[in-house]
Structure formats: structure tokens, C-alpha cells
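Attaching a single structure in C-alpha cells format; questions to follow.
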Amino acid sequence: MPSREKVVSLRDAAARIPPGARVAFGGNIMRRQVNAFARELIRQRIGDLTIYSFAGGFAVDMLAAAGLLKRYEGVYAGLFWHGLAPSFRRGVEAGAIEVRDYSESAQVARFQAACNGNSFMPIRALLGTDMAKQDPEITVEMTCPFTGRSYTAMRAIEPDFTVIHGYTADAYGNVQWPLARDADDVDQIIARGSNRLIVTVERIVPHEEVKANPHLTYIPSQWVEAVVEVPFGAHPLACDTVHDEDEEAIRAYAAAGRTAAGAADYLDKYVHVGSHEAYLDAFGGLAALKARLGVGR
Amino acid sequence: MSAATIPEIITIALAKSFADHEVGFTGLVTGAAAMLYGTSIPLAAMMFAKLTHAPNLTILLAGWSHNPDLASLAALPDQEFDSTLLDLPCEAQTVRYPGQFSFKRGHVDFGFSSGVQLDVTGSLNSVVIGDHARPKVRLVGPILQPEHMTIFRREYVMLPHHTARVLVEKVDYVSGVGYPGGLAGRAALGIPEGGPEWVVTPECIFDFDKEAGRIRLRSIHREERRGELAGVTGFALPDLEDAPATPEPTAEELDLLRRVVDPRGLLLGRAPEH
Amino acid sequence: MASASFLPPRRTIPFPDRKVVTMAEAASLVPDGARVAIGGFANYQRPMAFVRELVRQRRRDLTVVGTVSGIEVDMLAGAGALKKVETSYVGLEKYGLARNIRRRNEAGTVEIVDYPEVLSFDRFRASRENLTFWPSAYLGGTDILTHNPDIKAFDCPLTGRKLYAVPPADPEVVVIHAGAADEAGNVLWPSRRLMPQELDLDTAQSAEMVIVTVEKIVSNQFVRRNPTLNMLPAYRTAAIVEAPCGAHPTPTLGRFVIDDAHMQAYVAASASDEAFDAYLDEWVRGTADHAAYLEKLGAAHVMRLQEIATI
Amino acid sequence: MSAYTTNELMAAAIAREIEDGDLIFVGVGTAGRAFTLAVGLPVVASRIAQASHAPDASIYWGNLLTPDLSRMPEAWLQDAFTTWPCAAQLQETSQKIDMLGKARFDISFESAAQVDRYGNLNITRLDRPDGSLKTRLVGCLAQPEHLAFVRKPIIVMDLDPRRFVPDVDYVTSFGYRRGGTRREQYALPGPGPQRVVTDKAVFDFAGEDNVMRVRSLHPGVTLDEVTAAMGFAPAVAPDLAETPPPAAETVELVRTVIDPDKKLLRV
């Protein structure tokens, strides 16, 4: 059995990311974004970042608020019914953040190409759109060698680091999900195409627990470089089946972000507080959050 | 029985356009008005179709829950988005990507989408207002919109607000392709199939002269609004005078809709009548 | 417009009023010369009752597109039903080479088109994603390229690197064997499953005409109680056939183990055309249908092959 | 009983090639000697390595990642694999094949109907001198991917002049060179076959042309015996050594713990 335990602190995990790194984030809109990890990046002021995601928003917006985001490539950056991502939007509209927009199947094709070691994958959904013209380094029109059919070739995403927030893992980094779960994300594909993968999880569990249900392991330890126990690591967003999103906290974030000064105040009050535990304390602590948001599964 | 509301009129019109055995895909759209048009009306329309002429229609709620038992919903999923949907009884749950259906293969017959701008060719924008590199307004991003407009077999564009800022001559950014250059233009882009079928607003339903690649008025919901329509639309409406009224639901249809499809008014916002 | 569409036709066969059909009706959906994918992996969970019915109906000139092929193509080859197989492996694993197909391939009457295993899977992914080619970077230097004219070199449009385009699997009909389905055609999979079952799911997504033979027909209520197990919803299936022990002599997950004695008998019979013809006369053509086949096997024999379900 | 068997010697030799942390791809073997070569020796070697210098080495076997090898099923039936405790039971075929394509495997084991001096492997067909098909074999499985993507493919075969041939009839999997074409030309991410472990000697691939080279002779075997069992003359390492015999405790471990019923090293 594997003997190399990979559990590290959130601080040590984030410190592995150098400034200027290209990092893929897991999660989707209101679920399992790597928010605790992003807050730690902000505490350590690791900037000049390029972030790749599927449908993202919250984590990227915090990085934008802290002035650490150079470029974003993804399918969505918003706060769902809490509106647009305010700091991200401000940064983009000021020309401070570069964006490459791709649709879901286009961005998944890029992650998938990395998974199977290809330089690109062909797709059809971007034909005729302005997304196909944004960046010739990433998208090129091509024709099928057999049929002549038109495609857009999507360049593989080869990130320096990938960060995923998962449900549970053992100390070796076997990450598991529940059988019934929300599925509108591509965390497993993003993890599969990773080069250096860091996983934060709600809870570290004994290896024996993993072995009893190995079909629930969606990220095997062999892909994982470091695993971090971060309860409520997606807060204020949800970790489906563990806890729901914290509507009140998201509203407060969205409201604070309306101005740059408000966003900075928010970071001072909630992020620059020393640690994830101190962040949770600002919401009454872990026990209170569990009581308020836990769905008791 | 009280007269049909506009959401009810739209619901029945949509329902009648679905065929048996088709697969319909709704997203889960945010915001009250957007949710009504993007999620609730489509769900009500598909359920109505299943109860009438299309019993084998498959409802894909958020691409995730197959044929959900909507009657068991106590509230529309909003506050408890995740756990509500997770517990909703259904026939299948998509638990991984791409899951049980492959939209790239054409498994989805029709979908519903929205955007902040729609133009005369049917192209849709949900990315930016203004220039992309230095936008006036930065929006959320394209999400699944390009797929809706290409590899879904047909698309219903659902616009909760009918204004001249939404319905424009030319979108600032094409994130979903309509019929630029008509069907020939679409084919030249490599997408001979799919595309917007209808554009549904609180005022009217548009469809397309697909050969010419131009939007046209299909029907108007309220006769008394005919005179106002040109003023709230950002492109010319040459067929304004000829467009018929959107059909009024019959009493039986309304009864089925109110009593069986949406007994609590969760979808179409009507209080139960007893 | 429809004819120019790049999307596969949504309906390749009319949907019957009832999705549950007999094995003979289901097999008749496969015409002579059809391009077929057959579920399972090596010698695991093959829809053998369906294959036997194809033999009974004297199907001819089939092309099987597979990944890791076994007894299912060997039987079709031995029955003279097979024209071509595109795959990464044809064999019977611990029972040795697949002798019927080997004999016919060496005689030039059955063509085998070789694909590496990973690309043989990717070809089904390509069909699922509606791609007319799948890019691959690593075939250079192999004779797979020299012997397979269907693979074509091209230059990567982004990097300029030499790549190889592999054609999609594109089966016209997919047949798989599963545990349970309801009358509407929703098919359930156990949550703990292995490669053969996973591969079946991928295979089933590569075509519109998907025929599923199942151990048992269950109620729609049963399906709704287990929505996470429904990996193949009703709109993805064209026909359902109830065929208990329908993978015999290959195993079915959680239901039956491999019939070792029968496999040995099969292998012995496949030593010559004459002996195999006698096998087919006895076990396939000599049994009217799957029920008769089971009866010939005998209840005591079948019951001994049962496995305690793990799920 | 002798101090060790040839199988035990081969397993120990393979185990020395395994490094700590390696992810090892084990195929699903067939029967008889082929099973020993493809599954038995690799699994025994992995466990020897785990018990000594490579505790963090793990294997992929039959859709399972890191199966608990101390709780080996009594029979390798399908159900046994389904319920075997392991760290991960891959739920999509695309996961496994993407792991190959993403070059996540460190070690794989290969055997073939033919191997040539450049490490080209043939498991597809044997031809007559005129190039026409003589014998149809199984196909190609994932072997081309192994030689393209795996960091350290190890060829495990018994020496036999009909198998170790000057030039394979068909290149199922590309080694280092074929005719005038060299491996570099194809920009394959993996380095190519690294070792050949046989019943008589261990080889590597050395020199500018990466030709198969005898690296060590098993105890009691002469170089003449080795070359007589091959269809081509291998290169010979200048420091040709004796393959180290397995330590007594390794043999003990194999016989009492790893494979007491001789299910893995039967033949």
C-alpha cells in the first residue's frame, strides 16, 4: 500500500504557487470553488496569475479584488443570482485583466486534450462566434482530414498547477465523492489533465474508508501532489451534499464589491485575517456555520 | 376561469411546438424574470406537452435531472439550489461529464437560452457590451450558449425583457450564432444544422426567414400592445401590421395547466384557484 | 437542411409502441452488412443470446467495430456471419487464440483491421462527441499505419507537429447486455462496476440504435428509486429484450460467473470448421430461441453459475 | 527444494527496476506461461519492491488502482475484482486511457511473439518470407501506447530464437529504430523499452543505436547459451555481470506471503 502521506497545511500548499503561474481552478458557479485556497494566495500576495476554469466566478473575483489576476480563461465569471463578479468586471473594464472566453464544450475540449496528451481537440460549437477569433494561439480553424468538415482546434490547457476542492480524501490523496451529487462540473477532467495537483477537502478520512468504496474515488492519489484539510473550503459557496451556499455571506461580498474601496475593506476584514480558521471565525466559527448551513447528510 | 396570463399563453404555444420522443434541455436561470422565461415556462411547457400529445418527451432539467417529478417540489430551487435538486425524484441523474447524453451527438432536440442582446440574424450575446478587450460592460461569459445555438437541434431564445437595448440590429459580440447570411451563411461556417427557431419575449414570438437570415414577427401576445412594439424594438418590424395574435389557450388547456402542471403556481407565478 | 446536417439522424428506426421486444425482433433490426458494436470486454458480459440469434437468422457480411474482442466475434466468424472486425485484440484470454476467426483471417475470408487499444476506445469517444476524426500523436513507426489505410497523417494546426487522424467507430447498431431495465427503456447499472460495464456505457453513446438485453425487466418505480444508477435513459435506447443469463457462457456482473466447462467445449469445437458447425447445430441453430437454449443448458447447470450479488 | 527458482530470480531482477513511488501497469494475463510473464512476475516483483526499497510503489490492475495485494482474491473472477479493496476503482474507461496518454504510468511489462534487436515488438501477425500472412495473433492491445508513453517499459520474455528475431514481421509497438528511421523522429514522450528480463539473462538497450545488450547473465548461464537462444547477436556490456540471485528472505517472502499457493508463479 502507498506510504507517502501528502497532507500539508493550506499555507504550505499555496506557497508552492510562484507569482506568474498558470493555475487551473476546479468548481462550478455556486459549488466547490477553491475559495479558501484563493484567500490564502491573497494573504501571501501571489500575483500575476493566469487562471483557467470551467464556470468560475467567486475565487477569480477575489483574486481580481486583490489585484492578483492577470488573465482569466473560462466559460463564466459571475455570482449567479447575486449578479456579476464585481471586482473581476471592474478589472476587465479597466483593461487590467485579460480575458479569453470559451463555451463549455470548448473549454472542456481544452482540458480533455491535456488529459489524453494531445496538443488540441476539435470542436464545432465555436464556429461563427467571436470567441473563435479571440486568440490564434488557442483557437484555429481547421478541416477534418477525412471529410473536410469545419472545426475549431482548441489548444490543450497545460497549467503549471491545478487546485480542486473535494469532499473527502485519505492522507495519500485518494479523493472521493458521494454517489448522489451534483455533476455540472468537470473537476475530474480538470484533475486528470493536471501537471501538479493540489486538492483541498472538507475532511481527511482513514484509508480503510476509501478502500471500502473504491468506486467513489474520482481523483486517485497518483495524480495528487498535496492534500489539505479545509472544512468549508468553498465557503461562502456550497460543497454539495456537505453544506449549502451561505446566501447572506455571498450577498455581503457582492455588496462590498460594488466599489474598489468596498472590495478592499472586505479583503481586510475577511481575508487578511491570518488563516482559514480566522476567516471562519468571522462567520461565528465552524460549529456555527455547520449548524446554519449543514444539510445533515 | 380568469383569462390567460402572458406566461400561460407562451407556455401553451411552446408546448404545441414540441414533438413526442423529443429531448428538451432547460438551464437553471437566475433572477426572477429570467428564471420565469429561462426555466419555469420551459418546464411548464414540457410538462404540458407530456400530459397531452408528447408523453415520451424527456425533460432534462439543468441537463442533470431526467424527467423530474416537479409536482413534488414545494418550492422552486433557489435558496437551496443544490440539495433541493439532489433530492428531487427523477428517472436519472447525470453524475459525471458528459454523462448520459452527448449534446455534441445531437441528443438534445431543443433547448432554451437567453442573452443580453439578440440581433436581426438571430445571433446572441452574453459576453460583453462594447469592445471585448476594453468592454463597457463585462458580463458573465458564454457558458453553454454556443452549443445551444449550434449542436442542439433547435433553440428557443427566451428574453424576459423586450427592449430596444436587448433587441438590436447587430450584437456587439457573437457568442451564439444565428443565421448570418441565411442558411447558406450558416452552412459556410460549418453549421448547417441547429440555430434559433423562435425568440420569445413578453410581447411577442419571433421566428426566422432562415433562407434570408432575417428575424420576423410570428405573433403578438396582446393586440393592445401592437402599436407600442416598434418603439421597444431596436430593429425594424416590417411585418408588424400582418402578424397574428398568439393563440389564446382554450379553457381545457388552461385548466390542465393550472390544476395539474402548476397547481401551486410555483412555475408560472399564479396563486392556486379553488 | 436536414440532409446537410452534421448531426446523426435522431431516429434510425421507428420507435415501436412498445420498447420491449422479443430477441428475434431485436435481431431483425440488424440487417446483413451492418456495422455493429457488441457490448462487453474480452470474455465478459457479452450479449451472447443476441449473437446466437443473429446466427440463427443467418446474418451475413457483418462488420464488428470493437475494442478488445472475444468470443462474440469468434462465434460470428465461425458461423460465416462476419466480414470484418476493427479492434485491438481478438482472443479468448486464458482459453487461447480465437480459432474460428484466426482460421478465416488466415484464409482471407475475414478481414481484421488493427487499432491500438487506447485508440479503439477513442474511436467510440469520437462518435459520442460527433467528431469525424480523433487526433493521435504516437502511431509513427508502427505497421499499424502501413496496414490500416483508414488512418491518415495530418499536421497539427496549432503546433505543426505530425499527427494521425483516426476515424470514429460510428457503429450503426449497438447491442449490450445489462442487469435491469424498465419497459420505457431506462437501463440500470450497478454503482460498483468494472471495465466491461463502463465500456458498454461509452459504446452505447456512440450510436442511435441501441439494443439492450437485460437480466430482468423492472418497474419504472424501481428506476425512480435509483436514479443515480440509470446511466442509459429511455431516450437513448431503441429496444429492450429480457434475456436472463443472456451473456452465457460469459459472466454478468453480480449475476453469473463464466461457464468454464462450456468455454472449454467451445474452444474444443472451434478447432475445425466441421466441429464448430456441429457446435452451432447443437447449441445455436438447434435451439429455437434463448429460452430453449437455457432449457438445454439445464436449470441445475445455470443455477450453479449464479453469483451472490455484490450490489 | 532449490535455493531459488528461475521465476524467483526474474521477479527479484524486475523488483530492482522498480523505484519508490512508481505507478506500475499490470495487464490482464491469459493462461499458462503467458500469465506468469504478464501478470505473475510483475505482481510478485511489485510486492518484493514494496516490501523493501519501494514501499510507495503502487499498481494498476484490471481497472483497480492500488489494490490491496495483501488481500488477494482467491479466484480472479470478475466479481472478485469488483469487491477487491483498493484505493480507486476507475469508473470511466476514458480515465484509464487518459492516464496512459498523459504519461502517468512509470512501469509497464511487455511480452510478444517477436522482439528484435531495437526493441520493436510484434503481437499482431507472423508472416511468410514473401510477406503474406502466416499466423494471425491477438492484435495490438494497448502495447503501442505502453511503448509510446510509459517511462520504463520492461520486456519480460523467455529467450527463444523464434521470438528474439533480427527483424520483427510487424511492428506493433515501436522500439528504437526500424530501417533507417529512429525513435526521435516520432517525438514520442516515453523513452522506449528499458529492460529485457528473460529466463537466462537481463538486457538493456545501449549505444547510439540502442541495440539490445546483455547486461547480466543469470547464475550458471553462459554467454554462449544466451546467444544460442536468440535469433540475433546481442551487444554485450563491457562490465557483463551475474544477475544477483534473490536474497534468502526475498525467496521466503515469495513462498510464504506473496504467493504461497503458487497462483502467480505456477509455471
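Chains here go by letter, A, B, C and D, matching the order in which they are written, and residues are numbered from 1 within each.
In the analysis below, a residue touches a chain if its C-beta (ideal position, glycine included) is under 8 Å from a C-beta of that chain, and two chains touch if they have at least 3 such contacts.
These numbers were taken from a predicted model, which means no experiment stands behind them.
As a whole-number value, the distance joining the C-alpha centres of chain C and chain D reads 30 Å. One inter-chain figure worth recording: chain B and chain D are separated by 58 Å, centre to centre, where each centre is the mean of the chain's CA atoms. Distance between chain A and chain B, defined via averaged C-alpha coordinates, is recorded as 30 Å. Each chain gets a centre from the mean of its Cα atoms; for chain B and chain C, those two points are 39 Å apart. Those residues of chain B in touch with two or more other chains are numbered 93, 95-96, 98, 104, 151, 190-191.
Among the residues of chain A, those touching two or more other chains are numbered 116-118, 124, 149, 151, 179-180, 188, 215. Shown for chain D are the residues in touch with two or more other chains, namely 89-92, 94, 97, 101, 149, 189. Taken as a contact graph, with one node per protein chain and an edge wherever two chains touch, the assembly fits none of the named shapes, being neither a line, a ring, a star nor a complete graph. Inter-chain contacts occur between A-B, A-C, A-D, B-C, C-D.
By the touch rule above, chain A contacts chain C in their complex via residues 116-122, 124, 137, 140-142, 144-147, 149, 151, 153, 155, 179-180, 215.
The residues of chain A lying in touch with chain D in their complex are 1-4, 114-118, 170, 172, 174, 188, 192-193, 207, 210-212, 214-215, 217-218, 220-223. Looking at the complex, you find that chain B touches chain C at residues 21, 23, 56, 58, 65-66, 69, 89-93, 95, 98, 100-102, 104-107, 109, 151, 153, 183, 187, 190-194, 210. The part of chain D that touches chain C in the complex is made up of residues 28-31, 35, 62-63, 77-79, 81-83, 89-94, 96-97, 100-101, 124, 133-145, 148-149, 170-174, 178, 181, 183, 185-189. Interface residues of chain C facing chain A in the complex, by the touch rule stated above, are 6, 122, 130-133, 135-137, 152-154, 156-159, 161, 163, 165, 167, 191-193, 228.
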